[in-house]
Amino acid sequence: MADTATEATTDVAVTHDDHHPSAREYVQIAGALFGLTAMEFSTYFIEFGPLHIPLLLVLMGIKFMLVAGFFMHLKFDTRVFRQLMITGLVGAMTLYLAATLALHEFPAGAGLG
Amino acid sequence: MSAAVEETSMGIDNRKLGMWVFLGSEFMFFGAFITAYLLYLNTTAGGPTGEIFDIVYTSISSFVLLMSSLTMVLAHNAHVHGDMRRMRLWILATALQGLVFVGGQAYEFTKFVNEGLVPTGSPFASAFFVLTGFHGIHVTVGIILLLGLWSYTHTGKVKSDQPLKTEIIGLYWHFVDIIWVIIFVVVYLIPWG
Amino acid sequence: MATTTAPPQTRSRSLLSRPTALDGLKGYLATTDHKKIGIMYFWSVLVFFFFGGVASWVIRAQLAAAENTLVNEEVYNQAFTLHGLTMVFLVVMPLGAAFFNYLIPLQIGARDVAFPRLNAFSFWTFLFGGLFLYSSLFFQAVPNGGWFGYAPLSTQIPGDNMAFYAVGLQIVGIASLSAAVNFITTILNMRAPGMEFMRMPVFVWMSLVTNFLLLFALPIIAVALFMLNGDVVFGTQFFQPATGGDPILWQHLFWLFGHPEVYIMILPAMGIVSEVMPTFSRKPLFGYTAMVFAGVAIGFIGFGVWAHHMFTSAVGPIGRVAFGLTTMFIAVPTGIKIFNWVFTMWGGKVRFTTAMLFSVGFVSMFTIGGLSGVTHAIVPHDAQQTDTYWIVAHFHYVLFGGALFGLVSGIYYYFPKVTGKLLNETLGKWHFWTWLIGFNLTFGPMHMSGLLGQPRRTAVLPGELGPDVLLYNQLSTAGVAVLTVSALIFLFNFITSLRSGEASGDDPWDARTLEWMTPSPTPYVNFYEIPTVTARDEFWERKYAETEDGVVRPVPMGASQDHGEPVPVGDTATVEGTGNASAVPDDIAVTEDVALAKVTSDDHGGNPDAADDDHHIHMPDPSYWPLIMCAGFIPLGYGLTFAAPTLIVLGALWLMIGMFGWILEPLAEGDDDYDPDAVHA
Amino acid sequence: MRRIPSRRSRQRRTARGIGLAVMALVLAGCSGEQTMLDPKGPFSQDPDTLFKYVLIVAAVVFVFVQGLIIFTSWRFRRKDGDNDIPEQVHGNTALEIVWTVIPLAILVAIAIPTVRQVIALAEEPDGAMVVEVIGHRWWWEYRYPDSGVITANELVIPVGTPIRLEMRAEESGAPDRGVLHSFWVPALAGKQDVIPGRVSTLNMQADEPGRYLGQCAEYCGLSHANMRNRAVALEPDDFEAWVAAQQQPSEVAAAFAGLSAADLEAEVVPDGIDQEVGRGYYLFQSANCVACHGQINAEPVASADDFVASQGPNLTHLLSRREFAGAIFDLYEREDPDDPNADFTDQVDVEQLTAWVTNAPSQKAMTPEDGVGMPSFEPGTDNTGGLAGGLPPEDIDAVIAYLLTME
């Protein structure tokens, strides 16, 4: 939705980089995503012991960053977008982790006196 | 478009900024569902557990959704280069993959219900269906957006010099994909039991 | 209320013929003008405030006698639930939104918000959500599980009462979320040239913080309400202990939203007070930077204290310590704000208009609420206080003595901006003093009845609590009577001033910020010429300059070369009796004709697509689509309440069709554009 | 127990109530039967001490800030005709540091004892007696696992012994149903919610004998206001005697327990039992009172193994309690009928009890049609959840006669 016309000028440095990756690079990223998914899939058949869950989470994180960084152009776009995403992500993880911990702390022996 | 962009305080189009602001809040949305799911992993009330998931099947549909992100970004790329024919093609491909994913989910839901995993059965089942269901609704909205975009390229509402429109819808689409990247691992792959 | 000018030329190319009227009923139904939307928020709030007040009368009348049987338990439970829901979601929040709408674009020097039609969508969704909630009256299913809707009770109450709660709040929440996206984008991206972040008025800062709180808190309650909706209507098991569901999950989700919600309600009022106090003290805000950072800090810490609502339900010792500490330390930024306000007055020339009185009242009453708030952080004693009238007293001092006092101050302060007329000051002072006395008489005694053991949400005042408790309750009821009289004084003042109030001129208060540079009432285009900002109190800096010997004097007419071109001289509005008109230099007051002539001769519109036959200030055209689309929430809402798939499908289709109609319609005629964000609202 | 305040002191309090602005200063002298300001045991005393200390700090801050506001408003008010512009002060870093650091210091001073107390109170006290507390809609049930005693509404405890309450919510006998309630006796301890599906705990102790008032403090639906509770603290000897009496079976029920199946079938009344009481006994069975209230104990109880699951309050020793129906009605008449806190006589309020048994939903808001609360037995009313058609008045009287034997 176009804004109403303001005569605003830019007071924040424009870091927008119009040089997006080429189609070829996108396909390469997708290839990497394919490989990562295949690795994730393989964990269903191979047991990695205590590293199993961390490994899956790391793979997930890499995929996340590839899609966000390249397909969503976060790597090339202005900082504000990255900040918004990180705020949302970190905020959600912190709050829900805290809530989960609080939920699990209570079960017994916690009377107030 | 560019004229308007340069007038804004941050040098960004309002619509793109608005979309990012919205996506920031979506993390809180899905975060709450995922938290509820993790909380209820073991509360199956005697009903089916996560064992019921068909990893092979879901891996394929996850892969389809992941690749739809590729076609989405290729559509944007074509639009940037003014190649509307390719752009339309990639948009349709993206929508189609989205449809395959949603269709697959509908089939999966039906199968689970037949096997006794019903949303009213246990907190685990409720959390699973509501989490993946809301993701499915997001994909569906994305498909509607893509089809709208596709049809407007024909009416002249979306012109070849307006790749921003494709980019913004793309942001939404990739976000939905990212959420599935998380759900796929957290819900399906990690053997919590 | 606002007069408008220059209806744009239209050439309809959409499904519906494009509405053109800017005035009258049609002008409001189809408006995308942030000022009109703000005004509609305001009127809706007045109506809902009346109903919320009626509900509070039911409560106070019942508690005026021990073991009273005036109303039965069911009616009482519905009354206090409806009172809470109304005041929180349909009064204080939207009153904040009314100010956001009217003021944010004006204060940052913009002609509208970033997404004008999304703005209309937010308003209509809010209104339909409120009406939906109130339609439960006709189904005899008024929510009766408390505004906090604790599961599993809320899922076990027979009837559709709590389904109305879940769905109604969901709709209102969608409105607030879409508004939050809109305002954040507006503030970040639509500031006038030179309006750097640290030059923004504090109200804009507080609005930014508030809308970020909304942005991150609303999705949480949305999820919680979807789950509750599922449990109540569709038989899901989220909060059902019978199958292993955890009622405490609801509490965490609710308060994860619910505590930021408190700051969502108070921060806009803090912003308004931060505008009013400097103006009437004729001094800049004391410690601007500290004020801004304190506000941001409150926003952050506000997300980290939610479990203090649950100290007696299910929080272990570590949680009690952690949340007790965060609760204590949120008092620090709050204290910083209070002292900064007081020191804004210190050394000033304080003029006690009604607006200023309400702002000082805000600081004073809010301090009391803050102090009782600290006592909740004494976790062991919170186990005594919680769910008693001590808490009721506390949050009314924060939300009534705080938020509402601040917002009412804003009403007095900005009434001239909106209408070009002044509210009667004599009546205003009557209003203030009766309001202050009535407020303290109502909620002061609740501190005592709480400490003496009266629990909240009880339909009957137990006789055995003793005569003291009864007395305090009767004082509270008497206080509500005073408040009612006070509200009537305000209403009378408001309506008579609206019809025949004294003309205010453009700048009746000798104000400091951009919004007062526009004529009052604000013209349709807001600014005939977008100002270039060079200072924090831009308008003040244009009016006054410091001489070399440190004396501040009005800038002579036409001498403000530092701040851009002097605007052609128009006729200066001079208002007798308001004191400051003489301080307004002539070059600020611009007549519409002159400005329009100027604008036409020199295109500042900046939009190359703008229609040539227009006057080059490019404004969004009105549209019916937001209204049409929002109406889809009604069938969808009833469908989700009564588990009626047909209605759900109908509502979803309606929304989709509305969305496409919206997309097909250009934002403004001649501007072939398209609007994807509306889609996700 | 405290007495009703005299007329004079009441007037004095009226005058005080008007001086609301200095409310914090008058706290010390206010009374109420359910006050949290007059602790009677260590678990309420410690938080109270801390609270009053904070209240003093708050009062000082209050006076300072309000004084500053009033002084500033007065001192810097604009006089008529004064149109000068004051010096444009933008701030003062030193001052701002002061009003950041001083509140911070005050809060740290409050935080330290608070944290200590939270940790101390979370521990289980030594030598505590355990009582199970069960929140129902809308009454409290207490079970003593050491002695097998079950009672309702009035929690009876010995003076000087720490009590560990293990609390849960139940509905219709199902441990995972029910809704949230909050158990609260302000004189003895803070409140703690009971949560379906979890067990929460609360420590309390009474240092002197007395009858302490309490009330459910978490909104629990329709009759939340009518869910009150009492804690009765007895001297240790009295408490032992109370337990011993509670362990005894009902004499009448025991007499019927000696009958053969054939006699029971023929509704024979044993010797020494009043005919009306006997009729009441059989009605208690046939009108399905037992379905909710459980069987009246015919054997002595000794341990938790003897607990009888029931949906309504156990009535075996009904008359040992002073109030009933969520402690909203007096079971015994009071010495002064107009004073809800007067001492009890030993005269049972039969009229109130009869009204309750006849049509309970007319006495207290309940929804027996949804399985919550006691149904009406009055013919011609809605008897859903109870006995179709209800019971005629003479049958009700017989049931009452039977109930009046349950001492």
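Chains here go by letter, A, B, C and D, matching the order in which they are written, and residues are numbered from 1 within each.
Operating definition for what follows: contacts are C-beta pairs under 8 Å (C-beta built on N, C-alpha and C of every residue); 3 or more make two chains touch, one makes a residue touch a chain.
Here the structure is a predicted model, which is why all the values come from computation and not from measurement.
When chain centres are set by their Cα atoms, the one at the greatest distance from chain B is D. Across all inter-chain contacts, the pair with the most C-beta pairs is C-D.
Chain centres defined as mean CA positions place C nearest to the mean of all protein CA atoms. Separation between the centroids of chain C and chain D, computed from CA atoms only, is 40 Å. The distance from the centre of chain B to the centre of chain C, each centre being the mean of the chain's C-alpha atoms, comes to 33 Å.
Measuring from the averaged C-alpha position of chain A to that of chain D gives a distance of 51 Å. Note on chain placement: the centre of chain A and the centre of chain B lie 14 Å apart, centres being C-alpha means.
For chain C, the set of residues that touch two or more other chains comprises 114-115, 188-191, 195, 216, 220, 244-246, 248-249, 253, 312, 314, 316-317, 379-380, 383, 606-607, 675, 677. Multi-chain contact residues, meaning those touching two or more other chains, occur in chain D at positions 46-47, 117, 121-122, 189-192, 198, 200.
Residue positions of chain B touching 2 or more other chains, listed in rising order: 4, 7-10, 12, 14-15, 17, 21, 24-26, 28, 32, 39. Across the complex, chain A is touched by residues 4, 6-12, 14-15, 17, 20-21, 23-28, 30-32, 34-35, 38-39, 55-56, 59, 62-63, 66-67, 69-70, 72-74, 76-78, 80, 167, 170-171, 174-175, 177-178, 181-182, 184-186, 189-191 of chain B.
Residues 3-4, 7-10, 12, 14-15, 17-19, 21-22, 24-26, 28-29, 32-33, 36, 39-40, 42-45, 119-123, 125-127, 129-130, 134, 141, 144-145, 148, 152, 156-159, 162, 165, 168-169, 172 of chain B are the ones touching chain C in the complex. Across the complex, chain D meets chain C through its residues 4-5, 10, 13-14, 17, 20-21, 23, 27, 30-37, 44, 46-48, 50-51, 54-55, 58, 61-62, 65-66, 68-69, 72-73, 76-78, 82-92, 95-96, 99-100, 103-104, 107, 110-111, 114-115, 117-119, 121-122, 174, 176-180, 182, 184, 186, 189-193, 195-198, 200, 213, 215-226, 228, 328, 340-341, 365, 367, 370. Listing the residues of chain C that touch chain A in their complex gives 109-112, 114-118, 188-196, 216, 220, 246, 248-249, 252-253, 256, 303-304, 307, 311-312, 314-319, 379-380, 383, 530, 604-607, 610, 617-620, 667-668, 671, 673, 675, 677-678. On the chain C side of its complex with chain B, the touching residues are 114-115, 177, 180-182, 184-185, 188-191, 195, 215-220, 222-224, 226-227, 230, 234-238, 240, 243-246, 249, 253, 606-608, 656, 660, 663-664, 672, 674-677, 679-680.
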